[in-house]
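By written order: A, B, C and D. Residues from 1 in each chain.
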Amino acid sequence: MSVTRTVELEGHIIDSGMMQQAFGIVMDLDGDFEVEQFDVGKDKESTSYCRLQVMAADQSTLQSILHELHQIGATLMDPVDVTVAPAPADQVVPNRFYSTTNHPTKIRYDGQWIDVENIEMDCAIVIEPAGSVDGGPRAYTKVLNAIKEGDLVATDETGIRVQPPERPRDAGGPFGFMQGGISSERPSESLIRQVANAIEETKAQDGNVLVVAGPAVIHSGAGDALADLVREGYVDSISAGNGFATHDIERNLYGTSLGMDVETLEHPRKGHKHHIYTISEIIRAGGIQPAVEDGLISGGVMYECVTHDRDYVIAGSIRDDGPLPDTITDAVEAQNAIREQAHEADMVLMLATLLHSVAVGNCLPSTTKVVCVDINPATVTQLIDRGSAQAIGMVTDIGTFVPTLADFVLDDE
Amino acid sequence: MSVTRTVELEGHIIDSGMMQQAFGIVMDLDGDFEVEQFDVGKDKESTSYCRLQVMAADQSTLQSILHELHQIGATLMDPVDVTVAPAPADQVVPNRFYSTTNHPTKIRYDGQWIDVENIEMDCAIVIEPAGSVDGGPRAYTKVLNAIKEGDLVATDETGIRVQPPERPRDAGGPFGFMQGGISSERPSESLIRQVANAIEETKAQDGNVLVVAGPAVIHSGAGDALADLVREGYVDSISAGNGFATHDIERNLYGTSLGMDVETLEHPRKGHKHHIYTISEIIRAGGIQPAVEDGLISGGVMYECVTHDRDYVIAGSIRDDGPLPDTITDAVEAQNAIREQAHEADMVLMLATLLHSVAVGNCLPSTTKVVCVDINPATVTQLIDRGSAQAIGMVTDIGTFVPTLADFVLDDE
Amino acid sequence: MSVTRTVELEGHIIDSGMMQQAFGIVMDLDGDFEVEQFDVGKDKESTSYCRLQVMAADQSTLQSILHELHQIGATLMDPVDVTVAPAPADQVVPNRFYSTTNHPTKIRYDGQWIDVENIEMDCAIVIEPAGSVDGGPRAYTKVLNAIKEGDLVATDETGIRVQPPERPRDAGGPFGFMQGGISSERPSESLIRQVANAIEETKAQDGNVLVVAGPAVIHSGAGDALADLVREGYVDSISAGNGFATHDIERNLYGTSLGMDVETLEHPRKGHKHHIYTISEIIRAGGIQPAVEDGLISGGVMYECVTHDRDYVIAGSIRDDGPLPDTITDAVEAQNAIREQAHEADMVLMLATLLHSVAVGNCLPSTTKVVCVDINPATVTQLIDRGSAQAIGMVTDIGTFVPTLADFVLDDE
Amino acid sequence: MSVTRTVELEGHIIDSGMMQQAFGIVMDLDGDFEVEQFDVGKDKESTSYCRLQVMAADQSTLQSILHELHQIGATLMDPVDVTVAPAPADQVVPNRFYSTTNHPTKIRYDGQWIDVENIEMDCAIVIEPAGSVDGGPRAYTKVLNAIKEGDLVATDETGIRVQPPERPRDAGGPFGFMQGGISSERPSESLIRQVANAIEETKAQDGNVLVVAGPAVIHSGAGDALADLVREGYVDSISAGNGFATHDIERNLYGTSLGMDVETLEHPRKGHKHHIYTISEIIRAGGIQPAVEDGLISGGVMYECVTHDRDYVIAGSIRDDGPLPDTITDAVEAQNAIREQAHEADMVLMLATLLHSVAVGNCLPSTTKVVCVDINPATVTQLIDRGSAQAIGMVTDIGTFVPTLADFVLDDE
């Protein structure tokens, strides 16, 4: 163990799991450690402090260990300023650029710690020096494809501090702290009740509720309930795809979804034609908004979004039919639109769509409340397991979930 | 193609798929056929008739083809009486004994076609000659372990006629005809509405409704709703395991299921202890009925069963804790108890248990209405795919399904 | 039953299930029928013929029934020419345009039946009259977004004949005929053996094998085996996404996939950084081909594609990081590239990706051989259940499937 | 916070997660704490010590907190002897009996800490005082149904110490430490390689390998590979059900499993008959061993067990056909047989069966190595998530897993 470096951890580092992780990282990566100082918080409000000397056989191993420790919030002793380098060309980052986590992050610039704006994972951090725009130095994230030649990009990990979420000081309630596993063995209606409460609290604080919705919301008969929540103002924003919007409109135009009558379960069988006819009608009308204004569309989720001026993004995908004129077919443009929704959101409901939920989830900081609902446990696990501090995963039927949720929320009014 | 035999098919053999299957069987098994006569039913009420000469390269191939054709309802021309042989010992069937399907079946005995009683698949058919018990000859099924030395057991396939269910003459509704695939893309609440209607119709005709319930019914918070259905007389019989009964009683005794408070979702964490304590309390009381009578158990599904005299079977399994004194630990005895429930039932709801549902399903004729509900699509497919003529499969959350169903049924009163 | 129309069905209409479906459609949709003529094929090589009078209570019901019968191959008596109308604007189809199935289709134009080229479902049919391009009249499919003002588009269903695949005359082998259900209870290695045989047969006939691959192919350690198949010429074309390509290249650059060392299973933990660093390196190099030429990439699936000049399409999606410069970010452009791959393909292997498999599947006629492999049974069911005449669905682990397949194929050389 | 109690934790309590859990328990259950002493282990070999004062609003809350702390290994200061009470009747435990965890456990009796033998969860601890049998006092577990009147049973938690497994001091390798989540995104063949190594190591140390096998092992074509492992001595013991044994023997007798030819994939279609015929043949022969000795059975897993004298348990269930004479139909008797297998085992492979795996898992201490393999991720999660210290979960195809494993193990010979 020939190389060594000293790091510090501070905060609720025992009960938030950082100490356990720190020791685990060192052991997993074949390093060694010595605790130089450990001041335990005497009670649950007091924070703890640990100064840890980390040792490794070579510099490369030490760097790997320090990289991992950095990600869980450890900082190097005697911090110096962040190092920066200019981007050599558009979309090209400097070598050894710093790639962000989804946790709140600060950089040290000119001896000052400043917050990185719009934190989001797998981005570069761009620094604008003092005076450049509005007085002070700023730091914010940029995805790779948004980098411009000359952007000052943070490199390495010096002068960068990550703040993973800490365990709340009280009983956690249903929004578990950093829980990976999802149990389908929880009482469904009680849990939906808690989601309803969380929506109500978010709205009571003027928060923004974003719903990410897949086509199964419509097939499963939950479209009316979601439309009610949009109309009544419990949903501020919808992030969906061409399929969701088309099925929603098909249901309004023909009373079917995927060709099945949603009320009677009778299968007119010519249903698939309805799908492609719906798209063709909306293309003819010039888009969803003109189709609502012309009276062609008279109800449904998209109708309520247009009528009540809720924000919506319809992101394209390679499996789309049509698509509708409202669909943003370019993936990078669509991501940018989704990114704005995600940054606005205080609470996100991900309903029965893996693709759109991952796209939204990629843009969320770890501090946003997330509820994931899907019939497939693997989908819920994949979505929840991204380091959100407050997340509920439910393996349930979207066709009963949304109506039950809407009942709870609207009955409480 | 040196050997040949002629078979007949009669009934709604085109739209029930028998003709398609018959041709497929011959081709799959490397045989050949010649249609000697084909009288198509002119309209949807008329039946069709087909006489088919089947050819094969050798006797063994022909036998395989005829066996398969037999199972879908084809009969040999010029039928003769069933062949029988006495069982050589208890539990030992004669060589080449006939193994039943789950379709209504007749045997030809003394020149007369008589119905096989209690039809159930993978059984032997035992014949009691005229005069033996109550006058006429009788035929009924026996599972292998019930065979007694000297029982007259049907062998081969001559003189045996199978009657697979035919497609109903009208639009099928949600109980699809012989449908294999299960879609989770159907409107959930509309489908639950149809299940509610089917229960009401069954009860209106004094039918018997059997519920097969897994422990997830309780964990998911659906216990109260099921207890309501039992109390109000919509469920006649419960078939479950030691786990279901214990969780139901734990919920009444401690307010928890698997240690989680079903209302508040608070996790007292000492929950697992509740499970084993529940069993120990019921052992101490001498069983569920005495525990209800002593006032120890004051609510829940088992309580309603005892109080309202609904039949219940608690079948043991190797994963049981305890078990409760009411649990039938011997698998053969438990099967016999389940068999009685299954034979009584006009409609069966299989709720979130593969093991008990398969056990019940094994004893059902193909004419019983079946509803299968599980969050796991593979479970639903496996249960539905057993040749029931009228089956609904739903991939949904049992924790919202049962309460929604109970609301529909009880609101209709 | 006041309105009536006569249709004809011809071919192997019993064993291919068309007669059963036809009767089922009429009954499901509340119609009635009378069989006017039925000539059954006497043996398995002879085709059957049915003339069926269909009745309904009103014109709309009759139209629905006829629409469904049309889709399974029934034709109206006394056919007339297809009706056409010009597209009123770009991307706008005429009212009541005909939306295609994925089955081979003919239209009757100027009294002649001509094949519709590039058949693919949910498209419009565009007709070029005689003399317009190369002599004779032509008909081909266009997706909605490709329609140009003035295109002559087929409307209604008159003069259009659909030819669903018929059951092969021999034992089907593993490529089942129109089978919906997927069993995971088949012997895995025997089935992989059959897939290997099908690839060898396709290549022996100079056929084109298209592989649709998801990132799990790389994570699960199957990248080398797929690269072998590409190099040795058993795979002509790769259809994938930015994730697949990035993971494949990450594995070559850093020896990891999602940060896990694929050989040692050791988790360097800084793996996620590798992912975004890989993208940044390829952006710097100017794309995959320059990165291969510069020697930056020295192995893997993409390397073999570039080196051996195999066609590849990298289609973008909203969950992409980066993306790589090779990624087609516009969904419509990407679909067009995928469409070309799909039309070239004689056999398609869909490996562990729902999104890209649906996109490819949307462009395939029902006559292309398809093999779908996924660990999730719901994915396999959804992909297989699209009316392909020859499809194998396997619920298995892609990480053992591809190496076993490659062993079989390469050992046979 | 009016009541208080002091507990101690000692060992690798930070990196094994006990401190994090301890603080979490107190906060989740609305208690409070004060750290009285905390001595951190300076390096990775040194243990830590924590003395913690726990406070709660009332005695009942405090008891709940102490109960949970007890389960993770905390002990009360100033320990006293265990309290005991005699069982009032057969199968009836005293009130407030102590219900075990699956972790190594000691009790303090006559001032001495003695190990509890055969530790297994949800059992009572029975104490035999000094002199009763072989000199010293003994303590061992008993399941509820084995309790005899007068047994001295431990009550409450005083004088009982639980020792949850600690994190190994080195990089964990594939047998993760207490990992809940199961990823299907690991390289399959590399992971199977590691399982092979673990089997070889176990056998090199004269350890016992128990395989729990479901019928899918046979359906999926993996029977020969498992038979090889049994024959070559890598599997000491098989725990299975009537279905597994019957399918294995059917394959030997008729070449089919569930009616499908495992080699050719041809479907003789009369397969189901083979299943019931197999049972009837073995009943006639008097059981598996006589059937092997008579030459009726000439290969397969059961054949190798009989021939090479490997222990096997065939546990009955309510879904069994037959059953075979070797099947233990009583669940309690079957559990006792399984318990013996489980106690002998050093390493357990659970292959594609939830029921039998749970039954075996219930009897395992947390120190036994476990490998769970299933195509269904929910099954793997449920099995792994039971507190085993060393467990591998793999979501893969049993039909490729077993042959690949056997190749690795047998090639290494």
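Keep in mind that, in the parts below, contacts are C-beta pairs under 8 Å (C-beta built on N, C-alpha and C of every residue); 3 or more make two chains touch, one makes a residue touch a chain.
To keep track of the chains, here are their UniProt names: A, B, C, D = Ornithine cyclodeaminase.
Predicted model, so just to flag it, every value in this text is computed and none were measured.
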* Asked: If you take the chains that touch chain A and keep only those that also touch chain B, what is left?
  -> C, D
* Based on the averaged CA atom positions, which chain is farthest from chain D? -> C
* Asked: chain B-chain C contact: same residues or different, taking over half shared as same?
  -> same
* Asked: Roughly how many whole angstrom separate the Cα centroids of chain B and chain C?
  -> 38
* Structure fact -> Cα centroid separation, chain B vs chain D, in Å, comes to 33
* To do: Would you please write down the residue numbers of chain D that are in contact with two or more other chains?
  => 28-29, 171, 184, 378
* To do: Show which residues of chain B lie in contact with chain D when the two form their complex.
  => 25, 28-29, 64, 67-68, 91-93, 97, 99, 122, 143-145, 267-270, 272-273, 275-277, 279-280, 283-284, 315-323, 327, 329-332, 334-335, 338, 355-356, 358-359, 362, 376, 378
* Mind pulling up the chain B residues that touch chain A in the complex? -> 171, 173-174, 184-192, 194, 216, 219-222, 257-258, 260, 262-266, 375, 395-401, 403-404
* Contact residues on chain C for chain B in the complex? -> 14-17, 19-20, 23-24, 26-30, 32-35, 38, 40-44, 50, 167, 169-172, 180-181, 184, 377-378, 381, 385
